[in-house]
Amino acid sequence: MDPTWPGGRTVAAFFSFDLDGEAWLLAVDRRNAELPITMSQAAYGPKVGVYRILDVLAELEVRSTFFVPTWVAERYPGAVEAILAGGHELGLHGHMHERPDLLSEQEEVEVVERSIRILTEMSGRPPIGHRAPVAEISPATNRILAERGVQYTSTYMDSVVPYFHNLDGLSLLELPMHWVADDWGFAMVSPNAYPAPHVNPVMTNDHVVSLWSAELEGIREVGGLFTLVNHPQVTGRPYRIDTLRRIIMHARDIDAWIANGEEINAHWRSLPTPG
Amino acid sequence: MDPTWPGGRTVAAFFSFDLDGEAWLLAVDRRNAELPITMSQAAYGPKVGVYRILDVLAELEVRSTFFVPTWVAERYPGAVEAILAGGHELGLHGHMHERPDLLSEQEEVEVVERSIRILTEMSGRPPIGHRAPVAEISPATNRILAERGVQYTSTYMDSVVPYFHNLDGLSLLELPMHWVADDWGFAMVSPNAYPAPHVNPVMTNDHVVSLWSAELEGIREVGGLFTLVNHPQVTGRPYRIDTLRRIIMHARDIDAWIANGEEINAHWRSLPTPG
Amino acid sequence: MDPTWPGGRTVAAFFSFDLDGEAWLLAVDRRNAELPITMSQAAYGPKVGVYRILDVLAELEVRSTFFVPTWVAERYPGAVEAILAGGHELGLHGHMHERPDLLSEQEEVEVVERSIRILTEMSGRPPIGHRAPVAEISPATNRILAERGVQYTSTYMDSVVPYFHNLDGLSLLELPMHWVADDWGFAMVSPNAYPAPHVNPVMTNDHVVSLWSAELEGIREVGGLFTLVNHPQVTGRPYRIDTLRRIIMHARDIDAWIANGEEINAHWRSLPTPG
Amino acid sequence: MDPTWPGGRTVAAFFSFDLDGEAWLLAVDRRNAELPITMSQAAYGPKVGVYRILDVLAELEVRSTFFVPTWVAERYPGAVEAILAGGHELGLHGHMHERPDLLSEQEEVEVVERSIRILTEMSGRPPIGHRAPVAEISPATNRILAERGVQYTSTYMDSVVPYFHNLDGLSLLELPMHWVADDWGFAMVSPNAYPAPHVNPVMTNDHVVSLWSAELEGIREVGGLFTLVNHPQVTGRPYRIDTLRRIIMHARDIDAWIANGEEINAHWRSLPTPG
């Protein structure tokens, strides 16, 4: 296979973060607002975890993308400032982490436009990247995004190579992801959350890094893109932060092209035959 | 025990695949059609994963059986062509991955006849093998299959040695399987799928290979048949494909007779005292 | 602590088996009778698994107790004969694996009397041991058992040392157990079973043996009784049978007193100050 | 970071225990009272497990805090006496392990006052520490506690450093915890409990200690407080008790300041700039 990554590298690594804060709880059930402990666990992400992650990214000189629901961005402006100060990209992730397929198209448009407006105000430029909250979209999502200048999204799971969505003249690049490279399912426990307990077995760091490394190496075999989807309330915990360090080190060891969403988007669009 | 496998081998290994694509989602709940990401994860199987698996099978010179819902076969003709070009067998797996016990007998007959007709057209010969979608059947399934020329099925879990079903003069061979040698329960995550979240803890490759190897070795002790039941949307992922390579290598190391469904069926029927 | 086991041994090991067959499925929901594959998985226990277990017990010269629902005993008389021929004890485990707390007291009496009658006929002597199906009882169970000559039960989890239940002059010895030394939760998968999917993550053999060994060694520290609760449809699988061999070998290595239920019952009742 | 722990130590370790006994079952569903085995498993905690834990704490000279629902304290006075005799602290944990957010404010006040009264009678002094049952509180809980002289609680998850709650002049210190350092989710199995089965995969001791150690070490990097939340019915089991020994030894090895709740509370309040 002819590698398509800068410098002849055979794999790209995209270390991305979804800074969901308490929004994921409020979006699924407003009653969670009355659960101070459940909310506090989620608040750990923007209060503490994001800073731990930024430290690791700075230490290893990695530029990343943080997809931030704008309700969280407004509630924790310091976290957003720190992300921008670190040279990272801000991406769309809904306003209140709304699951797009549960909205009407009009509601979905309002969420996208509102979150574009807020991120633009906070960062001084319009966001070009997006990841769908809860990793699900509606049949209208891609068109709504592309019509409003969004250049890439990172949610689909049917490829390990970037590709353009078919959108009748509109252009939206996909930077695919997959559950195996998402920290949530290996650790997230929120047993009192409404509407239903949220319980995953907490796997060891070795377990998680073993799977992420295997996915990274397997994607290298086909010249693709490895997308890590981490959450500061999970990977920002003291016991877990080392998994981020280890997978970044591994990507460096195998000479992956480490880049954030906008860099990958720019590169892919610069190729002679994008696709 | 007197070994009953060719060349005096003491164990047989049947590496089989269920190419479910999006059909498993549509069969359990039509609302899944409106979930592009959930569907894209399932589409990875026939779009990408199946080719990764075919590469490994070609590399290790293994002939296999792919059980394919005919809705998937029609939607992804390229995948079917690649399977046939690799010298593999096509087997029945419903049309839309319908769970037989939830159909009326008339509906079940229609599904079987339709899927036989489609596979016959695509491959130029009638299928002789079958595995039940969701690993469940109705009390009528075996008779319906045998009456229509199906020679073997591979779904029961009450033996590790092939055996003939009791069907009043009809002949249907069972190539038994078991959950432990199925990749799904060690990896499948589809949290947004209707009607209910589908979440399994993702185990490491070492974990999975350890169990498959133990089952293979244990079955060798009794001269039986090891049936691997893999899904391209699971084992075809970059992080997982190595498990297939490793279990095939292990089967070769212990000198297993590696064969696909029709070869095992032919061999078993050629024995002096089939049973 | 003053060891209370024969020969001054500091721990006893009771390797017991619940031969549930299909009864556990029929007891929870009669619709399971219409699921041939789900039933076949359960049938593996009395059809195949029990013989694998008997082989290991014979090989390692262990005398054991098999708690058998009498519906299973009548359906698989060959399994019962093989258990008795191996010198093992038969114990009560309901007729159709009925959960005692869901029965009226009259129904519970009928089940106990029926299963005593059937086991007596099959083995030539009345059973003296019992384990409650599903590891739950009603407030009346212990009295019902003791009034009918049952001398011990093995279901409680509040001790690691045998003890007598308080029953107003009746005598019933408890041989306690615990979930950690039960094979079911580490392996049982029956996703199509009514009324609800039954899914446990399948752990590796090393995982399981590590926990059983730790429990055995921890119980030795307090001079107690280690009770293994295995199911032929689980531990009798080819991949799992080695866990039984390994834990028995470990018990021998640490010089445990290995005995079945009736031997432990007889020993405990022979102590100067039973308690 | 300027370490804030005595002797210039860079991390504190708080080994705490929730002695829930059967109260957790009765609080969620009174029908559990009719399940003798399910209740017996829970009773193992105050009957046996707590003594095993006290042995380890004595052996390693650790002073700890036991949060005890007062219904359990009254039912098992011997356990409470042993805790006090070991020099440990008693903390509030509801009367019947009531989940505060499901109570009216009046009911919550009654529970707090009743449990303060009972613990005061049993120990001769009013309790100053609290942990919320089920790790959830109501919006009123902190104020209710602080108004009644409680000085610290240990339930929030949004920090790894102690902090004071904002309570309009009232003073309540938080000693934060997190699910990863709670033994329950790695082991608790109670499949027959009402209103729903309670099933967690039982992880190995190495698995659990690996995560606890990583959390402890990670918290040391930020000079924080590691809070272990163990349950005698879980960690007091023979197979599990070694995890407690190992994590305490590890804390000693890295020179953590090992203290109980009241000691940490006193130290933090003595700092020049508490916060």
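As written, the chains take the letters A, B, C and D, and residue 1 is the first residue of each chain.
Operating definition for what follows: a contact is a pair of C-beta atoms (placed from the backbone, for glycine too) under 8 Å apart; a residue touches a chain by one contact, two chains touch by 3 or more.
Just so it is clear, the model here is predicted, and its values are computed rather than measured.
Taking the mean of C-alpha positions as each chain's centre, the chain lying farthest from the centre of chain C is A.
Under half of the residue numbers found at the chain A and chain B interface occur in both copies, marking it as a different-residue contact. The angle needed to superpose chain C on chain D by their Cα atoms is 90 degrees, rounded to the nearest 5. With centres defined as mean CA coordinates, chain B is found 35 Å away from chain A. Chain C has its Cα centroid 49 Å from the Cα centroid of chain A. Residue positions of chain A with contacts to 2 or more other chains are 201. Chain contact topology: the protein chains form a single closed ring, every chain touching exactly two others. Against chain C, the residues of chain B that register as touching in their complex are 99, 101, 132, 134-139, 141-142, 155-160, 178-180, 185-186, 200-201, 203, 207, 210-212, 214-215, 217-219, 221-222, 224.
In the complex of the two chains, the chain D residues touching chain C come out as 34-38, 40-41, 43-44, 47-48, 52, 187, 189, 191-192, 199, 201-202, 204-206, 237-242.
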